[in-house]
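Just below sit the structures, each encoded as C-alpha cells.
Two complexes come next, and they have one chain in common, chain A, joined by chain B in the first and chain C in the second.
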Partner chain A sequence: MMNDMRLTERVVDATKIKISAKDVQVYYGASHAIKDVNIEILDKTVTAFIGPSGCGKSTFLRCLNRMNDTIPICRVEGKILLDSEDIYDRKVDPVQLRARVGMVFQKPNPFPKSIYDNVSYGPKIHGLTRNKAELDAVVESSLRKAALWNEVKDRLDAPGTGLSGGQQQRLCIARAVATSPEVLLMDEPCSALDPIATAQVEELIDELRTNFSVVIVTHSMQQAARVSQKTAFFHLGNLVEYGDTAQIFTKPSDPRTESYITGRIG
Partner chain B sequence: MTAPSTNIPVPAADFRPSLYKTDSRTKRRNAAETRFRAYGIAAVAFGVLALVVLLTSVLSQGLSAFRQTTMVMQVELDPAVLDKTGNRDPAELGKVTTITYGRLLDDALNKELAGKGLIPEGMSARDVSAMISKEAPAQLRKIVLADPSKIGSTISFDAWTGGRIDGFFKGRVTMESAQLDSNVTPEQLQLAQAMRDAGLITMPFNWAFITGPDASEVRPEAAGLGVAILGSAYMMLIVLALALPIGVAASIYLEEFASKNWFTDLIEVNIANLAAVPSIVFGILGLAVFINFAGMPQSSPLVGGLVLTLMTLPTIIISTRAALKAVPPSIKDAALGVGASKTQTIFHHVLPLAMPGILTGTIIGLAQALGETAPLLLIGMVAFVRDYPGAPPEGFLDPASALPVQVYNFTQRADPAFVERASGAIIVLLVFLLAMNILAVILRRKFERRW
Partner chain C sequence: MENQHILSAFDRDLEAVQAMVVKMGGLVEAQIVDAATALETRDEELAEAVRKRDKAVDKLEEQINAEAAQLIALRAPTASDLRIALSVIKISGNLERVGDYSKNIAKRTKVLLQMQQINGSTSALRRMALAVEGMLKDAIDSYIQRDEKLAADVRSRDIEIDQMYNALFREFLTYMLEDPRNITACMHLHFIAKNIERMGDLATSIAEQVIYLVTGEIPDDERPKSEGVTLANHPEI
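And now, the complex of A and B:
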C-alpha cells in the first residue's frame, strides 16, 4: 500500500535547521502532556506529526507559535529556538512571533468579513504595506499561493464565510501566508474537508514548501506519506521516532512506530 | 445456516401484536404527550389573555386623555383693561393677574353664546364662567406677555373646558352624577351639549398632554407629561452614557483579561447578586451617597440617572459577558494566529460579533430603567414639578419628574379625571418601551452575522 507513493523519490534537499526544540516539557495543570521532546525541523520542508489521539502532537505544534499561551493552566519548559532565538525568552512578544510562524486550524475559521479583509488583516495589523496598491498586491499573491485566486478574484468583497469548506480552508491558508511567515503550522487542516478539497489542499502544501517550512499534524498516515519529507511519531507525550518519511513508513526503527503504522495501536 | 444459540427468549412470530393496534403502553405515552401540549397551550393562552386584558383596560381608560374638550372663542384684548398706562411696559403688564384675564374670557364666551343664540337658562354668570378651565386665563396671560403687541387686537383662543365638562363628553360625567356633584350642574352640561351642537366646543388632539407640564389637583384637564418625558429622556441619556461604556469595559476585562481566582469569582457572584437587589435599595443608596454625602440636588435627573445606572449595570454586564462568551473561540484563534494582539483580537473581531447581544442587553436594561419608579421616589423625583428642566448639561441638575413617577403621582390624586391621565401616561410609557424594543430587534437584525 505504501509502495505506490513514490516514497523513495522524496529527497530532503534542504538541510538548514529552522526550528530546534530542546527538552520541551508541557504541563496542563498537574498532567504532564509533553515529555522531553527534542526535534529539529528543517527549512523548506514539510514535516508531519503523526500519532494516536491525545498523544500531544497538536499540543507540541501549538507550542511552536505560543498559541498555548492562551490556555491559563498550560506551562511550557525547555527551549524552542527559531533561527537560534528562544521563542519562550521573556523578551519575546508572541504577537511578533506569530507573524513569523503562521497557523492554519483544523476547522476552517475565516473571519465573518469579506475575502479581501480576511487576507489583508494580517498585513494591515503588522503594517507590512504602505498603501492600498501594495496591499492589493499582497492579497493577490497570497490568494495565488493558496490556489484560490482564480475562484474568487471576481468577488473579493463577498463574505469569506460564504465559500465552500475547501475554499474556506484555502482562504485561511492565504490569510496565514499573507504575513509572509517563515514557518506554517497546520493542525489537521484537512480533517473537515471532503476528499477533493483534501487533494487540493495537499497539492497546495507541496507547493508551499518552496517558500516556507511547513509543519502539519495529521491523523491520516496516508496524508503524512503523501505530503511530507520528514515525519515525527508521537505516542503518550513522547516523541518516539523522527526521520525521513520514507524511512519511517518503510523501515521504522521503533516497535511502537511499526505497531502504529500497521494499525495495531492508535 | 443455523440460528445462533441464545438464552434470550424470542417471542414466536404468532404472538407478536399487529402494528395496526396501539398497545396500552404507547397509548399512555401518547396521552401524556397530548396532556403536556394542552398544558403548554393553556399557559400561552393565559399569558395572551392577561396581555389583552391589560391593554384593553389601559387603552379604554387612557386613550381619551389624548383628546381635550376645547372652546374656540374670539378674545378681544382690550388695552383699557390690560395696559392702563399704554406704554406696553413688561413690568406693568406683569402686574395684571389671571383674574382680569378670566373676565376677558367670560366676556368672550358670553359674546360667542349670544352670537349662536344660546341663552344660559337658569344659570348664574358664575356658573357660565366656571365652565372654562381655571388654566385658560393663565394661558391667555402667557400669550399676551410673550407678545404684548397683540394688545388691542382680537385673537382666536382655544380655551379648555373644566374637567367635568371634559368628562361629560368622554362619558365619565352624566346628568345623574352631575346632580350629586358640587363641581358641576346639569344646566352646565346641557349648555355644553348645546355648544357642542353649535360647533363652539370641539375635541382636538391634545398635544398639551404630551408636551405640557403637570397641573394642580383641581385642574386635571391641564395636567401633561412634558416635564416627566424630558426628565426621563435626560435620565436615559445619563444611563446610556455611563452604563454602556462602564458595563462593556467591565465585561471585556472580566471575560477576556482577568485571571480566574477567588477575587474575580467574588466579583462575579456580587454582580449576579446586584442584579437581584430590590430597586428601592438603590434608591436608599442614591439618597445617602449622591444627595446626603455628595450634596447633589434632589429631584434632579443627574441623581436619578446615576441611581438607574447602578441598577442597569449588572443587567448590561451579564448580557455583555454572555454575548462575548458566545463568540466562537475559533475566531479568536484565527486572529491570534495571524499575530493580532489580545486587544486587537477583541476590538476587531470579538466585539463586532458580540455587538447584537450587547445592544440587546443594553436596550433591555434601558427599558427596565425607564419603567423604574421605586428608587426615584426616594431621591425626590416624586415632587410636584411644573417648570421644565433647562437644556443639558445644566438641565441635568434642575428638578424634573419621570414618566413612571408621574403615573404614580396621577393615581394619588382625588379627582376621577386623573384616572384617565394616569392611563394616558401609561400608554405613553408603553409606546416608548415598545419603540425601544423594536429598536433592539432592528439593531440585532442589522448587526447579526452568521459564522
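And now, the complex of A and C:
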C-alpha cells in the first residue's frame, strides 16, 4: 500500500524540525489567550491550524514571526525556536526574522504601487540583490512561484491593486516568497477568494512545500484536509490535538477534535 | 456519537441511510429463515416467495449506495461520520450477498423437490441457517447499539458455523459413497451448506465493520477458526 504514489505523497520527514514551541503562553492584558502550547513544526511540510473563532490559532501563528510585538498589551512567554534559535532573544531583529518567516494575510493587501514594486520591495530593503538584473530575476521567479507570472508579465508597471482578488492574493504570496523565507505563515489566505482562485492558491501551497515550511490558519476544514500533511486543533487557547492530517480527519483521538471536525456542538 | 450536528439536516441524512440498513438487515434475516424453512418443509410456494423477494433486497442496496454517495458528496463527512458512510456501503453490500445466497437456496430447493429426500440433512441445514440468522441479527443489533462487545461475540461464533459445515460435508460425502443415486441431491445440499457457511462469513464481516465504526480500527485476523476441510481429513477422496 505504501507504494501508492498518492499515499506516499502525504508522508513527511518527521526528523527535520523547523520551529519548536515550548510552553508558550500568550496574554492580552489579563486574558490568557494561549495556554501551554508545545508543538514541533516540520520543515518542508504544510501544517494547518484549525479551530473555532477565538481559539487562539491566529494568535499563535502571529507569535511565530513576532507579529504580536506590535500589540502593546500582548505578552508572550515560553520559548519559540527557529532552527534551535530563540526568536524572542534580545539579539534577534524582528525585521530580519520576518524576512525568514514570511506572512500572507486574510485579505490581499498589495502596496499601492506597481506589481513590480510590490515584489521587489522586500529584496530591496533587505539588500538581497546587487543590481537591477538580479532584482528583475527575483521578481520574475517569485511571480512564477506564485503562479502569476504569465498573467502579469506584460503589465508589471500596472498597479497591484488593479488585479482581481485572487491575483492580488497571489501577488502577496509572490511578495512573501521574494525574500526567500524559510517559513511561510498564511492566515486564512483564501477566505476572500472564489473557489477557482482558492484552488490555484492551494496548488501553490503544495508547490511551496518543496522549498519552505508552510503554516496555514484556515476556517475551512476541507481546505486543511486538502493542503496539509499535519494538522493542529486549537480550542479555548489550548492545543488539543496535533497529528497527521489523515489521522485527524479519519480517527481523531480527542473527543473535542471529533466534535469540531464533524460539525457537532463540542 | 450522541452529540448532534449543528446542521440538523446532516443528522437526518445519517439517520435515514442507517434506518435503511436496519430495514435491509431485517429483510435479509427473514430471507434466511424462510429459505431454510422452505427447504426443510419442502414448501415450493415459500421457496418461490424467497426468490421473488430478493429484488427488494437488491433495490435497498442500490438506494443505500446512492444515499451514501450523496452524503459523501454533499456533506463531506469526517471521522465517525465518514466511518458511518463507509460502513453502510460495506454492510449493505454484505447483506446483498446474504440475500443472494438465500435466493440460491430457494432455487436449489425447487430442484430438490423433484428428488428423493436425504435423511434428516435438511433439518441440520435449517439449524445451521438459524445459527447464521442469529449471528446476523446480533451483528445488526450491535450496529444499532454501537456495541463493540456484541460484534466481537458475533465474530467468535463463526467457528461454530464452520464446524457445522465440515460435519455436513462429511455426511454428504458418506451418502454419496453409499449410493451414487444420491449424488445430484447431495451436490445441491452441499452447495446449500456452503452458501450458509458463506453467510456466516458475511455476518462476521458486518460485525467487523461495526468494530471499525466504533473504534476506527479494523480488527486483526486473530479469531478462532476451524481447520477447514482438508484432504488429510478425507484420505478416501
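Rule of thumb we're sticking to: the second predicted complex is superposed on the first by the 253 of 266 C-alpha atoms of A that agree within 3 Å, B and C clash if a C-alpha of one lies under 4 Å from a C-alpha of the other, contacts with A are read in each partner's own complex, and residues count from 1 in each chain.
Everything that follows uses one rule, which is that contacts are C-beta pairs under 8 Å (C-beta built on N, C-alpha and C of every residue); 3 or more make two chains touch, one makes a residue touch a chain.
Just so we're clear, the structure is a prediction, and the values are computed from it rather than from any experiment.
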{"item": "Clash or fit (per the criteria above) of chain B with chain C on chain A", "value": "fit"}
{"item": "Which of chain B and chain C A:249 touches, first, second, both or neither", "value": "second"}
{"item": "Touching partner for A:262 - first (chain B), second (chain C), both, neither", "value": "second"}
{"item": "Chain B or chain C, by number of chain A residues touched", "value": "B"}
{"item": "Which of chain B and chain C A:176 touches, first, second, both or neither", "value": "first"}
{"item": "Partner chain(s) touched by A:71 [first = chain B, second = chain C, both, neither]", "value": "neither"}
{"item": "Touched partner set for A:222, first chain B, second chain C, both or neither", "value": "second"}
{"item": "For chain A as apex, the angle formed with chain B and chain C - C-alpha centres, to the nearest 10 degrees", "value": "140"}
{"item": "Touching partner for A:158 - first (chain B), second (chain C), both, neither", "value": "neither"}
{"item": "Touched partner set for A:236, first chain B, second chain C, both or neither", "value": "neither"}
{"item": "Lowest inter-chain C-alpha distance for chain C and chain B in the superposed arrangement, angstrom", "value": "21"}
{"item": "Footprint of chain B on chain A - complex, ascending", "value": "65, 67, 70, 72, 95-99, 102-105, 107, 109-112, 121-122, 125-126, 161, 172, 175-176, 178-179"}
{"item": "Complex contacts: residues of chain C adjacent to chain A", "value": "1, 3-7, 10, 76-83, 216-217"}
{"item": "Of chain B, residues touching chain A in the complex", "value": "259-260, 328, 330-341, 344, 348-349, 353, 449-451"}
{"item": "List of chain A residues in touch with chain C within their complex", "value": "221-222, 225, 249-252, 257-259, 261-266"}
